[in-house]
Every structure is written in C-alpha cells, then in structure tokens.
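Letters are used for the chains, namely A, B and C, taken in the order the chains are written, and counting of residues starts over at 1 for each.
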C-alpha cells in the first residue's frame, strides 16, 4: 500500500514536472514525409529550440506535437482533431497544402485554436477572413496569396518576356487541378491586357500523363513563342521531359517541384532551362544575415532533404516566434481576440546591406493594397511595386541553369542571375 | 499525323512490355496480380539506387532491377499464392495490400518526392517535327527485343510450351509430366523480371515516385482485358491500340487522356468479354 | 513380373469416398481392363495412380512405392495417361500438344514422334491443326499420342470409346493391342463398354461403388450370371 502510494505520488510529481516544463504546446500539421512539410516542421522546431534556450515563453518551455496529414484531406482533418482534442495544443503551425488546409478549416473555426499557415497561398482563405473576421480570428497566413503571386508574375511577363525577349504569344500548359485552373484564369485574364502577350492556346493535361511528347508537339503547333506551365503535381515529369525532348521553346510558369534545392537531383539533371515563380525566400535567393543564420543552424542540425528549407521553413521559423511574441503580449493563446490583435502588430524587418530585404508583417483589416485594389487581412505583407521599399516582392522568378545552378532572375532588385533561353532554343 | 505515328509507336512498345508480364500471370497463373505494379516500382527504384545513387554502370542497374523483380515474383508465389492455394479473392486482396506496403517501404527508404531517372541513352533527334529522345527509342527497341524473345521462348522451348499448356489445361499439363506448380513459379519469376524491366523504362519515360505502381497496373489491366487472356499477339496489338489512343487523344484533348482507354475496357467487357484476341474458355 | 501393385487404395473427394480399399495387380506387358458403370470410380482409380487425388493405401510401380508422389514424378517413372476428357491444350497445334507430352523425355522426341505418327498417320497429316477444331476420334489419338511421347512402359487409358463411332472403336482396339503386344507396353483400360473390354483385355476387374467386386478372365466373369447380365449383355 505504501509502495503504491509512493508510486502515485511519484507519477503525479513527474506529470506536474512535465507540465511545468512544457506548458506551451505547439502542434505541427502537415506531411511528415514531403520536403515542404519537413521545411515547416524543422523551421518551427529550430524557433522553439531557440526560444527555450533563451528561457522559454512567459517563463514556460515550449514543446511540439506532430500530426501527419500525408497530404490527404481526410487525414488532415483527423490530424487537426488529434491536435485539438488529444494533444490539446495551444497553437498550430501548418505546412499543409491548399486542399488539406481547406479540409481542416471548419475544425479550426470550431476549436478556435490560433493557427499559422506557412505553405498554402490560396486566396479563398483570405476571402474567408474578410467575410467573417471573428470566426477566422485565430487564422494567419504568412505567405503572399495567389493573387499577389500572379500579379507580380504578369509584370515579369511585361518586363522580361515581352520587353526583353520579344515574346508576343504564349501557350499555357496547365494540369487539370483546381490550382491549375486558378492560375490559368489569373494569367489568361492579365497577360494580354497588362503584358501585351497573346494567349495562343490553353492546353489542359491530365496529372497522370506519362508521355508529354504529343502535348509538347501540340504546344509547338500552336505557333506561340513560349510555354507557360502550371504544374503542382508531379511537376518534375513535365520539366524533365521538356529538357529530355529539347522542346524548342522557352518554358516558364509555376513548377512546384523546382522550388526546392533537390530539384536538380530529383530530375537527374534533366531540369535546366526552366523558370518558375517562387514565393520568397526561394532557392537561389540571396539571404539577409538573420535568415542566413537560420539556414546555418538548419544545416548543422539536419542532414537529410530538404538540404535548404523551402520558403515555408523560413515562414515557420519567423512566424512561430511572432506567434509566441503575440501570445506573450496577449497573456497567452486562450484569448483569441487579444492574440489576434497582438499578432497583427507583429512586424519583423530584416535588412541586407542596410536595405529592407524581407519583412514579416501582416496586412491589417481594411488596408487596401494599391496595385490589386483589395485587402489581404491576416495575410503576409508584400509589395507589388518596384523598388519594393514597403516589403519584399510577393514572389520572385527563379531559373534553373543547365549546369545545375539556380538564381533569381526577377525582380531585378533581387536578381542574382539573368533570364536566358535554354541552349537548344537559342 | 507523322508525329502521332512516331510517338504512338514509341509509347505502345513500352506499354506492350509492361502488359506482357501481367498477361503471363493472368493467363498461366490465373491470378489477377494487383501487386504487378509493385515490380515496376521496385525495378525503377533499384535501378535508380544502383546507377544514380551508387554510380554503378547501367548494366548493373538493369541486372539488379530484373533480379529484384524475379525474386519478388518467386517469393510472392511461394509465400502468398501457394499458401492461399487458389483462393483468388484472398490472393488479390493480399497482393494489393502488398503493393501498398511496398509503396510505404519506398517512401521510408527514398522519401515521397519524385525522382527523375537520367536518360538511359542521352540525346534527341527531330523526326518529322516530333522530338524523339534516344532514351525512349532505346526503351522501345529493347521492349521489342524482349517481347520477341518472350514469344520465341514460349512457342519454341519446352518450358515455354509447358507454360502455355498449364494455362490451357493444368491437369493435362500435369499428366504430360509438367509440374504446374514449378511452371507457375517460373512464370511468376519471369513476370516479376519483365515488370521490373518495364519499371526502369517507365520511370525513365516519366519519373520515379512511390505511387508509380498504379498507372502501369491500370494500363496492364486494360491491355489484358481488351486483348484477351493468353495471347502475346493480342497483348501486343492492344498495347498499340491503347498507346496510339493516348497519343492521339493527348494531341487532341490532353485532359481526356485516360478516358478513352476506360471506355474501350467497358465496351470490350460488354461486347466481347473474352477480349478482342482472347480464346473462349472451354471450362 | 509385377509392374503395378495396388493395395487397399481408398480415395476421397473432400468427405466423399470414391474408392474403397481397392487392390489389384498388373503384370508386365499385360493388358487389363477395369469395367464398371458410370460413377463406379474408374476415373478416380486412374487419377489416384497418377497422384492426382488424395488417397490412402499403397501404389507400387516396379516395386517402388509411388504413393504421394506428384503426377509429374510418376510420369517420369514411366506411366502415361490418356484421360477420359483428353485434357488436351485446345489452342495449341497437334504437334505442340505432342511436344508437351515429351516434357520428361526430351531425348526421345524423334523416335517417339515417329512411333506416334506410324500408329496414327492422321496426326502427321494434321500436325498444324489446333486440337480445339478436331473431332472426338482425332482428339483421342492426340491424347494417346501425347501419353506415348513420354516413353511410358505403363499406359493408362480412361474410357477410350466414349462418344466414338463403332468403326473407330474397332480401330482403337487394334491400336491398343499393338501397343501391348508389339511394343510391350503394360496397358490398363477402363471401360463401360464391356464388349470392347473383352475384345482387348486378358484380365478384367469389375468396379462397383468404388470396390472391386469381381476379377478374372472374360470367360471366368461370364460364368457369373449377375455380372454377365449387367455388363456383358448375355
């Protein structure tokens, strides 16, 4: 009897000790086996380690619980429920893809757990914030949303593709997904009127396509000057076949697989010549000292892919610290309205060579972005006009060269290399 | 038109090779091997591991891939098919589960991001406005060589004839001195090797990714259903019908790529259940 | 000299017992017949000898216990089998059917093929025809030919006359006698048609309900009134 009592006492003490040690629980939701999921997870982990080393948050240690979505909507919903009900986390950091975020969104609205999305850029979620700010108060997205990405890309079309390369017409190769449709819509609506580039043809292909040879033939037959690809699923296939087939037209657009440093290895080197828009910081993006410090820590800690975190890894690292700072100011995460107000105030400006280079801040409610003429409450702050003095551009265009190097080609203020045609096109 | 002809020939040769191993098991082992795609998966990854990660010569990669496929086939027959002793539903379910398990294994070992194989033979040539890579040309030529070899093996050797015999009448084969069990084992081995080889080519055509076993499985099922059981010629012809249809539809309306193949399957199932080239089952 | 000895052989299909303690012996070069009605267990008996059915009891071939061996091993030891339903390979040519029969006797293909063609000249004429397109008589020839391709010294023939025209039956009887008399094969034939059996066999066994109920020469058996009535039409 005595022994049992002793055991219980010991156990309770142990439990109390753990609770005291890890009073703030962060939940990670995302795919534990994808490069993008791991980027968010590791970015968040490094931020937590640094916070704990510095004495924790509000005198408490921060711990992390992970929930794997496997990039599946149903699994994602279950993962969110697990974090909310079983793990009882205070805050959620998400590396979910568009569909998965949309899947768990109703749960977030129900549980009202402060959540930061670092990967999905779906503008529809920001529209939800506009429509129902109260129910969406716990939600923040610290990547520039689609609309901003596409808008700046159109400028690339005007300034580089049209003005510099002399391209007059484009053929769009888009996958048959919601993402493909959305981007195709944004690009076709704006390319002709804004950039003066005609859309010669739009070719929608099945994401299971094995053989792109006939599709590229069709693209060539359209007579367009270049190909605009929209590919988020199996993107390596279309780009590597483009290179292997030496399709005699330039290809640019959105290629999600080309956003990571492993793209070169994954394409077996058959990936040079293509360019894609990328949220910042991208691969080949010159870094400010703070972000570089993060990458150094990351690389000393992890030696498996992704070797360099994707943009969402940076978003998670900086964003998690901001969420904790907001909680500190609001007295914790439980008063969502208070936390939301403090989160909106977060503003981290990172300079490089004395100039604003990256800014981690949020658009306020009612604040209108001039170029697009709309609001982006609780979305990452971005700048759509040169010389980008308010914040970083919403995206950059990067190009993989045939020697396996990668660099930013647009906007010019952030460029590290020049846009060029593949050798077989010249 | 010439473009479609060239591209159709190339894709069809690959499809024929992939479907061949599936047809063998379906005809001889009488098993719908839903884990067939897993041979392609493992073959592709073994080749990638040996050649692209270890830097070994291509011939080692091919040999390794085919060996892995053969071993998988033999093990599957010994451990699953024989143990379940003709319970087709149980075999189909367990082979399907096996494929999913293998997929998880690949994710564990190689991660779930896709990988592109280096071209087996680099280079590209433009023929009548169609780009033809030497890689795909090589894959098609080797596919043809393997298919012709398989045809000769099955029609000219004792073991090959015994395979046909088992497929048509297992009792008749047994009382001719053929051990159907052993022939089945050999067939599973060959099927695994063919699948793995097809996997290397399929991956070099497209990409390596853990879910890559599904698409070739669907193509194989389509080719075998439409072509009919037990016919190399039927498999070859229908692989070309499916290949040309895909290329044709891709050049006309790419988002409908797989639809016509499915319609073809349903149409054949309704109108001619034994397949276009299949024999009527006598019992 | 004893070629085949069967002792207390019982066979089962699941729980149903098809043979009950059957014992019989066959001497070298002998031609015997097993006579019985439909369902008496004749085919089961031959299948049991070939190891195709689950059995209890003993089967000895040239003194060696072959019980429990697989069919292919028994064929290799010199037993050929022409089953009732032929079990041919319908979409293979006559020649390929015969070649499959040579699976265990690959060194003797030329010799055996020649012998088969001499017995059945028709098979030589039609060697490229698929067996699915052949008549019953032709299929019977292919079936016997295929069994002979394995260089057997014992030949089991299951109900060879079923569905054959009387004239063809006569020719068949001659062939089987030649195999036994001229080529020295030990032949075991099962038959419903007792007259055919008598015309062929030196000794007969009567199988009823899975049991051997009588045995002897044709003369012996015809002395038994009941047997004579039921099988020999006397």
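Keep this in mind: a residue touches a chain if its C-beta (ideal position, glycine included) is under 8 Å from a C-beta of that chain, and two chains touch if they have at least 3 such contacts.
Here the structure is a predicted model, which is why all the values come from computation and not from measurement.
Student: Counting one step per pair of touching chains, how far is chain C from chain A at the shortest?
Tutor: Each step joins two touching chains, and the minimum needed here is 2.
Student: Please list the single chain whose C-alpha centre lies closest to the global protein C-alpha centre.
Tutor: Chain nearest the overall C-alpha centroid, as shown: B.
Student: What is the chain whose Cα centroid lies farthest from the Cα centroid of chain A?
Tutor: Result for the farthest chain: C.
Student: So which one's got more C-beta contacts, A-B or B-C?
Tutor: Pair with the higher count of C-beta contacts: A-B.
Student: How many angstrom lie between the CA centroids of chain A and chain C, rounded to a whole number?
Tutor: So the centre of chain A lies 78 Å away from the centre of chain C.
Student: Per the centroid of Cα atoms for each chain, what is the distance between chain B and chain C, given in Å?
Tutor: About 42 Å separates the centre of chain B from that of chain C.
Student: Hunt down the residues of chain B that sit against at least two other chains at once, touch-wise.
Tutor: Residues of chain B touching two or more partner chains: there are none.
Student: What part of chain B is in contact with chain C in the complex they form?
Tutor: 158, 161-162, 164-165, 168-169, 171-179, 181-182, 230, 279, 282
Student: Could you please specify the touching residues of chain A with respect to chain B in the complex?
Tutor: By the definition above, chain A touches chain B via 31, 33-35, 176, 203-206, 208-211, 213-218, 220, 234, 236-237, 240-241, 244-247, 257, 260, 262, 265-271, 305.
Student: Please name which positions on chain C make contact with chain B in the complex.
Tutor: Touching chain B: residues 50, 52, 70-72, 75-76, 81, 83, 86-92, 96, 99-106, 132, 146-147, 149-150 of chain C.
Student: Tell me, which parts of chain B touch chain A in their complex?
Tutor: 3-4, 7, 10-11, 52, 107, 111-119, 124, 129-133, 135-136, 202, 205-207, 209, 215, 246-248, 250-251, 254-258
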